[in-house]
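The data blocks that follow each hold one structure.
Each of the next two complexes has chain A plus one more chain, namely chain B in the first and chain C in the second.
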Partner chain A sequence: MSLNTGSEPPILQIDKLRIGQGTKAPIVEQMSLEVRRGETVGLVGESGCGKSLTALSVMGLLAGNLKVVGGTIRLGGEEIQGLSQRKLRRLRGEKMGMIFQEPLTALNPVMTIGAQIAEMVRAHRDVSRKAAHERALELLRLVKIPDPEERLGEYPHQMSGGMRQRVVIAMAIACNPALLIADEPTTALDVTVQAQILELLASLQREENLGLLMITHDLDVVRLVADRIVVMYAGSVVEEGAVEAVLDNPRHPYTLGLISARPTGSFAAGAPRLADIRGSVPAPEDRPAGCVFRDRCPYAQEVCATTRPMLETGQGGHAVRCHFPVDRQTDAPKELAQ
Partner chain B sequence: MTQTSGPITGNGTKKAGPFAALSSPLGRYILRRLVQALLVMVLVMVGSFFLMKLAPGDFVDVLAGTRDLTAEQTAELRARYGLDQPLVIQLVRYMGLLATFDFGYSPINAAPVTDVILARLPVTAILVVASVSLSMVIGTLFGIAAARNAGKPVDLGISIFMLLLYATPSFIVAIMLILVFGLKLGLMPIAGYESVGMGYTGWQHIWDVTRHLTLPVVALCTFYIAIYGRIGRASMLEVMRLDFVRTARAKGISEGRVFYVHALRNALLPLITMAGLQVSSLVGGAVLIETVFGLPGMGRTAYDAVLQRDTNLLLGVIFTSSLAVVTVNFVIDMLYMVLDPRVNLK
Partner chain C sequence: MSAVLKLTDLQVHHDTARGALRAVDGISLEIARGETLGLVGESGCGKSTLARCVTGIDKPNGGSVEIEGVTAGRGKAARLQRARNVQMIFQDPSGALNPRLQVERIITEPLSVAGEESRSAHRTRAIETARKVGLSDYHLERMPHELSGGQRQRVSIARALVLNPNLLVCDEAVSALDVSVQAQVLNLLLDIQKELGLSYLFISHDLAVVRYISHRIAVMYLGRIVEIGAAEDVWASRLHPYTQALIHSIPEEAAKTGRTVTLEGDVPSPVNPPSGCAFRTRCPFARAACAEARPELRAVGSHEVACHFAEEIAAGSGAEPERAHG
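On to the complex of A and B.
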């Protein structure tokens, strides 16, 4: 789906990102991922894995008590850490935009929709009030909000959650960014509205040739919209690759667990099933030594307790961080099959 | 304020004429608030009338205590002021007079209550308006500065200063101001509302009154500056944590705009509520400061009326104060509506 040749640097390139909280254990570490222009990457993992923090650190919007303490974040090849606040602000909006999980609280309740969009346009483009207003109108049309002229004068509380999420999307793409980060954009919405928002995001991504980082814990969403998938567990990547490759042939036991925990079961008939993964994501300070997943892993061996596995890239860029990756074609452990 | 688009009345045809305003939610809302305000006034007046009557003695007793009055004389006085009538009759008559803003006669001032109040209202009005606006502006600025620099030395410095203002009773502030600016430095007049016998007019008069009221206003402000400062700081910090602030930052607008445009307007709401409370408590509650500075204001008037059992005057003061408080609350509701479009008009 990518229109780019490999020569252009990825629009987003995170390498060995480490997010710390004072002297406490880092919350995110060894986090790497890439998003190319025209590509949708699904970032999945249970709640508390560090997906949102990864996204916020790209935007430079981490809460005051958190800090990027290691690794690199490149936007179109340019390292953004150490940039002045002023430069970073220009990048937010012009190079990257973000959509948040809670559309109901994401907009300023005392400003009209039109004012909030126009403000964004005027912050980045030297245009008149009228031109900004025109652009706002155009954007509302682009995100398919009915009666856009009237909506411009309305306040957020006069709109439904789905409509508000469309407004947030309109703001995020107002200045034609190359990268769009959507942090669980449909989690707070009704199922029917979810589908519409996903469709909108997918079509915008195609039309504007965006790099889209879609954060979700819903694997069906990933299958629907993403080209590649990055599976995150307890602060780092455990598996990544093309969507079909990873979902049809998961190699990390955690990915396998996520897939079989879906209410609709496995994607591919015959894929090994795993009983729901026991327990929950450990807090950063409670992560075990060695492999962070070993406490919950049915296949953990001695080496898993002592040595942290590396992210090993195999065929077709399918990478996995596991000493004993699952392979259903050859050696699916017997106890997997139910 | 612009209203929601779309048909406002159910049947689509807008009624014209003097009641057109009633067909809009805003018009109905305002009308409802006015009716409520009227009801509050009636309740307050009925309630205070009975309270007044509960207290033993009337002003005739007070008079009788200071000079020799015969039984006939007291009876005649009571008859003249209607004090010999049954309570209910007195109440009905009184409420009827109130409706025409006639509060009767103030025996201790030997003048109609309306005249007494009109003469004293300006002092209190100036005190209240000046100290509310001044303390709100200064306090809010301190609060904003503290929030903007949260956790830094500026914040700590402001916090300590606010604590100091908060902990110092206003009459102590008043006495210190008198000692320093009035007596030691001789910069400011320390008593009264205007210079007696100077016959100032026009700007000279205004300047004279301003000089006389500066110290009392400052004394009334200090405590409230601390209140606004603390509420303002807390409110700003709370708003800055809300989701929409993150969205605003994600748009790449300047941090100043995030703070002063997005957060501030949301953070003002609790401060406006506070202003309403402050007005209510100052209208009658400035008596201490009025006494210290020898100002003929409403607080002093009420105080004198209580001591001398001048029921008419006291009820007049209560009426005027309640009217002021009810009006201010009404204005604040309207302000809320302008500042917060979410306010439910139902």
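On to the complex of A and C.
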């Protein structure tokens, strides 16, 4: 957990972020999130909930007609919206780095690994080619790539998926950023390689005292690496808090649904049917009025259709956006299946 | 009862510039009626190639594929016969469905290919099959892009069911789906198995999913089966060091043990696999003997494993040596 915060502002502070697409319904709204130095925050939710868009807006990388139309994004206390492209480019890389899901598309196929990392270093630091090359070598060691001298001269296609992801991580931390955003960094990898990359990220986060925002759909990954968890549904936060508090005692029916939907045990050996969540995530323009989860929620009542619940913070910073928060002690998770 | 599927010493080799790649290197297995065999292993281990041989998309270089006791042959009649018995569901339902066809046409296309029944009978079969997978008449008139990911996967399943096959090959069939939708599709697969007595060859990299849905589990490494047995047996008394590493790498398991990394490095190239035991280069228990002789699958305890030192590993109560890593 973050103990070293003191009066230092969070390295990342998103407040009431709203991301719109032309004249259509906003895709992300009322999105607030904080990441402090030395802390790993797991941002979870299903596809289409807006978690990747939130990350891209922090990086200033929203594409097409997607735009931040409301709210604030502060990096180390400084508002980043309205900054010139030039200033933003400096921030990317120097104060924050990003790791993407598919390392192959994040790397240039016709440049050697060494040249790509050195380019990144020289874009941000006024150093000689030789110094940049040495920094590249040092970074490959830092991300524990075996035989780093040889690897510098290789092209991405010569490496395995796990090694490529290590290179992407090396580039993201090349200029000692304070914030690292990892968007599904292990989803495309095999389970044994996923374990290696997760361990690498956790150790870098500790050693470099990074703020790490880990975006994933996998609650077990969050339990393994994160201090705090933020659960998004249909464009906003529905629950957040310390990882154990939220995963062991989920208050929002959606969080409970996500936990219960994961298979455990063997059906043939007597494990129960899976508790699925009925329906699917609505498109932004089809989100219901009131609580956006209500038409998939087994606990929905009349008020849920008319009044949008606020994100209410309870004990220990455990916050939930629900009129009728679940209490696992009294409600059986089975009910969700009905 | 006879096996729905029987593979005997199946071999699939691809010629590459660097030599023969043994994608599947001598696999024998059976799937009984109403049974689910889960197939796990890392990418490049040959599990998809195996699936493609079972459905007839790829041709094996050696060994045989028997379906319902009949050796799968070549020629149109044999292909159609196989299609009636074996159908496949793919990972990405968007890529597997023709975007220009209405759902009804997609579901009934196998009937046309098989030359079955009249057009009017097709509609009845489409409605019938759609209901089995939880789709309504409304969905039959939609185009694939109008459906959600979960609904599209239901369409894939309906298309696979329309010829009343005995065996469904599910290649990462739920991997691209969100967890809430994945649960819906897994429940559906369990329901239709019970209703229709189907057998599944269920391939996935997600071990928790495979454990949940399978009666038996086979673990593949570099084209060979290294461990096979009843799902809970393999899970609880895993003997092969590779199976142990796979299970320990799952974040859920790692969160329990507090140890994440259990296996260094990547799967070696199948073009030039290590001598003896193919896993020895990553194995924490490897010794000189492992480089010399290739371990064959043999019964140890309750199931089968291909490891020279399975008994020792079992006697060590599954405990692995502590590995130093940075």
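In this section, the second predicted complex is superposed on the first by the 316 of 338 C-alpha atoms of A that agree within 3 Å, B and C clash if a C-alpha of one lies under 4 Å from a C-alpha of the other, contacts with A are read in each partner's own complex, and residues count from 1 in each chain.
Following the convention adopted for this analysis, contacts are C-beta pairs under 8 Å (C-beta built on N, C-alpha and C of every residue); 3 or more make two chains touch, one makes a residue touch a chain.
Predicted model, so just to flag it, every value in this text is computed and none were measured.
After superposition onto chain A, the modelled positions of chain B and chain C are compatible, with room for both. Note on the composite model: angle chain B-chain A-chain C, taken at the C-alpha centres, equals 70°, rounded to the nearest 10. In the superposition on chain A, A:199 contacts chain C only, with no contact to chain B.
In the superposition on chain A, A:246 makes contact with neither chain B nor chain C. When both complexes are overlaid on chain A, the residue A:41 reaches neither chain B nor chain C.
In the superposed model, A:218 makes contact with chain C only, not with chain B. Applying the stated contact rule after C-alpha superposition, one finds that A:119 touches chain B and leaves chain C untouched.
Of the two partner chains placed around the shared chain by superposition, chain C is the only one that A:191 touches, whereas chain B remains out of contact.
By the document's definition of touching, of the two partners only chain C reaches A:280; chain B does not.
Judged by the touch definition given at the top, the superposed model places A:155 against chain B, while chain C stays out of reach. When the two complexes are overlaid on their common chain A, residue A:92 makes contact with chain B while staying clear of chain C. Once both complexes are placed on a shared chain A, the shortest Cα to Cα gap between chain B and chain C comes to 6 Å.
Once the two complexes are overlaid on chain A, none of the chain A residues touched by chain B in the first is touched by chain C in the second. Here chain A touches chain B in the complex through residues 59, 61, 85, 89-94, 97-98, 100, 102, 105-111, 119-120, 123-124, 150, 153-155, 157-158, 168, 171-172, 174-175, going by the rule given at the top. Residues 46-47, 144, 160-163, 190-196, 198-199, 202, 217-218, 220-221, 223-224, 257-258, 261-269, 271, 273-278, 280-281 of chain A are the ones touching chain C in the complex. In the complex of the two chains, the chain C residues touching chain A come out as 36, 42-43, 148-151, 178-184, 186-187, 190, 205, 207-209, 211-215, 231-232, 235, 245-246, 248-252, 254-255, 260-264, 266-267, 326. Contact residues of chain B toward chain A in the complex are 2, 4-5, 242-244, 246-255, 257, 261-262, 265-266, 339-342.
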